[in-house]
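Order of writing sets the chain letters: A, B, C and D. Residues in each chain are counted from 1.
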Amino acid sequence: MSLPAQFHDIAKRVNNWGRWGAEDEIGTLNLITDEVVRTAAATTVRTGLRIPLALPLKEDGVQTGLIPGRVNPLHSMVQINQELFGPGTVATSDDAVTMGLQAATHWDALTHASHSGKIYNGRPAATITAHTRARFSGIEKARHIVSRGVLLDVARARGVDRLAGDHAVTPEDLDAAEELARTRVRAGDIVLVRTGQIQTYLAGDKHAYGYPSPGLSVRTPEWFHARDVAAVANDTLTFEIFPPEIEDLWLPVHALDLVEMGMLQGQNWNLEELSTACAQEGRYAFLLSAMPEPFVGGTGTPVAPVAIL
Amino acid sequence: MSLPAQFHDIAKRVNNWGRWGAEDEIGTLNLITDEVVRTAAATTVRTGLRIPLALPLKEDGVQTGLIPGRVNPLHSMVQINQELFGPGTVATSDDAVTMGLQAATHWDALTHASHSGKIYNGRPAATITAHTRARFSGIEKARHIVSRGVLLDVARARGVDRLAGDHAVTPEDLDAAEELARTRVRAGDIVLVRTGQIQTYLAGDKHAYGYPSPGLSVRTPEWFHARDVAAVANDTLTFEIFPPEIEDLWLPVHALDLVEMGMLQGQNWNLEELSTACAQEGRYAFLLSAMPEPFVGGTGTPVAPVAIL
Amino acid sequence: MSLPAQFHDIAKRVNNWGRWGAEDEIGTLNLITDEVVRTAAATTVRTGLRIPLALPLKEDGVQTGLIPGRVNPLHSMVQINQELFGPGTVATSDDAVTMGLQAATHWDALTHASHSGKIYNGRPAATITAHTRARFSGIEKARHIVSRGVLLDVARARGVDRLAGDHAVTPEDLDAAEELARTRVRAGDIVLVRTGQIQTYLAGDKHAYGYPSPGLSVRTPEWFHARDVAAVANDTLTFEIFPPEIEDLWLPVHALDLVEMGMLQGQNWNLEELSTACAQEGRYAFLLSAMPEPFVGGTGTPVAPVAIL
Amino acid sequence: MSLPAQFHDIAKRVNNWGRWGAEDEIGTLNLITDEVVRTAAATTVRTGLRIPLALPLKEDGVQTGLIPGRVNPLHSMVQINQELFGPGTVATSDDAVTMGLQAATHWDALTHASHSGKIYNGRPAATITAHTRARFSGIEKARHIVSRGVLLDVARARGVDRLAGDHAVTPEDLDAAEELARTRVRAGDIVLVRTGQIQTYLAGDKHAYGYPSPGLSVRTPEWFHARDVAAVANDTLTFEIFPPEIEDLWLPVHALDLVEMGMLQGQNWNLEELSTACAQEGRYAFLLSAMPEPFVGGTGTPVAPVAIL
């Protein structure tokens, strides 16, 4: 089996290989310039309100066991009020965790996906090994993800609490949400696309959360490419619509965004509180800080994003 | 053995139990108001430069095995270019990690320390259990740590690359570094104290990094209390001078900051690049985003802080 | 709530505290003498056939998430054909695992259960801490579990493939299975009780496997005590019938076996192949080796038992 | 760089590919027949004494960080005396572990080594992946490792407590130890080679334990092949002499034993107590049970071996 012509057509149009040089490992993050950040801080922070976007990290997280190796956090105490220096001294508690780096609210590194033996910028997929992990485009290279964030609240723009499980978010949906947001998405922005799907997890049904799921259409990478977006995150497990729109074409958005465009994706972001705040304030742009934990060679990372309004 | 009178005297002066009500779980983070954040964004972000402060997360991290259970990240691949949907389909890579939550660049939760059977706000230390972990003041309660950051570059103020291993950073040192910074530390600020000690780790000697180490004197909590600082982080393993200034009084600063004052501490922050940038720019205040990963009941968390200048 | 009189009556009758001295940490394992082992080797090994009793260790194991912290093995590669000494040299592969010690085929240590603040031999339950784990009766103390094994095939004796989910295995069931086995259980034996319940897991339904489950009745500890059995294992998740026979009396068999009697329990042992072999051979006794992995302070351990016929 | 002619010459002489058919995955374990086990039980178990050979599993294990990803056990409590069913009910304690499968006393699976792109029986090394781990010759295939064990006490035969760090154990050493043992090693035996090196770890010096280390010479595979030994274990970290006898020929014994011969290797076995017992009894053969934990696709496994005399 190989990827269909339709895929390759889009791939050609959104491809950024070589755009920032043959040595580049961070893709569209290059679009976040100091200027972008300075302007974002100056123009979007009006109240100082901070809204966290990460799900709580706990054993009862969003993973159901369906994706092999992507385990919810196993978090355990290794010291509890331990008087390490003798009875009556100051005591300390320590804990440790085991978790899939893509298990909870996370960034995919560009290396999370490959196709036809290649990763972003045309490097061989085989540069990811058990020993070195991702030698190129590991998540530790994505060093300072702070930019203007824009919430494209597709669910709200369509007048629903959450999109149906078979709803592919289209460029037209993004246009409508942009209109609701009353700001034009521009170069270097980080776009947060709200489907409302995460409500099913928050209501306790993690199976319904995962599948079937609304998500981005294979037509959206061109939209993001046209606007020169730096990164995109949403409130689903799969990011793109799942099962896919085109039979037997699995994960095309991953391949287009991560491999062809070199654009980071985020999943399992809780955008509910942010949606309420943006609607109340009547503005959908903010300063967004979403720093990756710098796992060397990581193909993903938990992230604790915050929107500053 | 019990804690000496000298400790209890200071404790009385910095104690914040009840200050934000009997139900409070976050202590001095209450001092970060929207106003503080709004002003910080408006006044400190001038170039848009972002400087990350986290050490790379890797197996060869700062831990040496000395602190039981505090293990460096074991990071391994669970999928490498795996064509989950059949040959020729888009492939994905996934990874997982095991690590001590306090192993690398981290925040201590208020519950990281206890003394005399108590944690912050007078609650029983026994509310930390293997089953629930920290029922109160877990790190997931510290939800939006964004504020004005101020670098107090003690090493630079004293004209050295790094402080000697037996140097206790005193209130006088903080005064001098504040003078260098040309800004007065105020309510809600997050203070970063630079000793330069982390250079030893960066140069490859993790044993020298850990011990003996310069760090904060038992006299500093009163300084931070007087300024109503929201949180303090530095570039050492132990935060406070180690071994301690006063014989047999182990971890007094932890007990005063975390338990008595309810003020978060950060350790293993890499302040080298920031120090250079601040010196070049001639300003030491910035917008700081340092969001905890929201481990439910966590007594600490890795953090990937970023200074936005 | 406290434990009912009925529990305490049985407890008194099976209690072994002090029987092997105040310092003892291994309970009925004391009954496995060299003589027992020598005789077992001489009399039970007739063909040399070896039958392994452990379930495969994999992420899709018997745990469903119901028991907090008891995670199935997350097993990942840390090196794959890595030429550590340069290109063209001999390559090695290494892997690592995270798992609950009681997640798969395992022994409970005596310290796995406590009641009324006590563990086996009357020691305080508080001697189990996050720092030391089990200071007494940790699984590493159970050093050489090799003895005569006897399969009490209760399912076969009752003429069924597997016992119903509400079937409590009674002393009468054990008598009948002993009759089928044509050997009398005696001091130092390790008894394997087959219910057939594990067939549900092997058939792919791990939820049905866990609950409701046949298992040992609260009346069986006295039977094992009368015969001076060294340890008992079976083919269920819960060991004892679950939900329990007596309303609101949870885990009474755990408390009687582990705490009062000081007798090790094993769970999730796959006895299917052994059952077939014993029936074919017409004999149900064998040499059993079931060495614990010596986790220091462990309250349980994975085990890979083997029956040698 | 490629492997030298000298290596290939030996490889040809010890190669077992195809000997047990093209489908075989267990190599010399095929030599352990029921007959071998029956005879071993009948002839070697004289007193019933059981001697465990595993090192305690703890964070302060033999690993020093030198071998990437091979981490000592991080063992932590996830429940401590937890009354899961309400106050006053029977309480349970549970624990979990993260560890390298080759970190402590272990078996290498045949797939632990590869060379020239091949594993045992000529299969492609590329059949080991992050997703499937070892598809062939995973440790779960080595299902019932029980056989006659023979201690070849090379240190004792040479009249020393432990061999020097640069001592390569030769076929002549094995002959001398066999003479001391007063039994001839034969088909299906598991041979334990004692160097005494583990005393350095037991004395607290894990760095000295690892390197330089006595171990098996590149000349020994032919000796084991001639006797048709089923498996070999010893009391060192590296199994073979390290650094190697022949410059730039790294891990030749691994390649010969595991890849060419298909013979399992064991490392970090504590043979001290066994050595004393064998010397006292004047006999060096016993029944050995050393069942792998059946990690599916594992390239190694912790093992808790026991010698039954």
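Throughout what follows, contacts are C-beta pairs under 8 Å (C-beta built on N, C-alpha and C of every residue); 3 or more make two chains touch, one makes a residue touch a chain.
Everything numeric in this text was worked out from a predicted model, so none of it was measured.
Novice: Any idea whether A-B or B-D has more C-beta pairs in contact?
Specialist: Between B-D and A-B, contacts are more numerous in A-B.
Novice: In terms of contact pairs by residue number, which of A-D, B-D or B-C shares over half with A-C?
Specialist: Same contacts by residue number as A-C, out of A-D, B-D or B-C: B-D.
Novice: Indicate whether more than half of the residue numbers at the chain C-chain D interface occur in both copies; give same if so and different if not.
Specialist: Interface between chain C and chain D is built from largely the same residues.
Novice: Roughly how many whole angstrom separate the Cα centroids of chain B and chain D?
Specialist: The answer is 45 Å.
Novice: If you average the CA atoms of chain A and of chain B, how many Å lie between those two points?
Specialist: The separation of the two C-alpha centroids amounts to 26 Å.
Novice: So which bits of chain B are touching at least two other chains?
Specialist: Within chain B, residues 68-69, 71, 74, 76-80, 93, 96, 98, 129-131 contact more than one other chain.
Novice: With touch defined as at the start, can you tell me which chain A residues reach chain D in the complex?
Specialist: Residue list for chain A touching chain D: 68, 74, 76-78, 80, 96, 98, 130-131.
Novice: Contact residues on chain A for chain B in the complex?
Specialist: Those in contact with chain B are residues 1-3, 33-42, 45-52, 54-58, 67-71, 73, 75-81, 84-102, 111-115, 125-126, 128-130, 133-134, 140, 143-144, 146, 250-252, 254-255, 287, 289, 291-300, 302, 304-306, 308.
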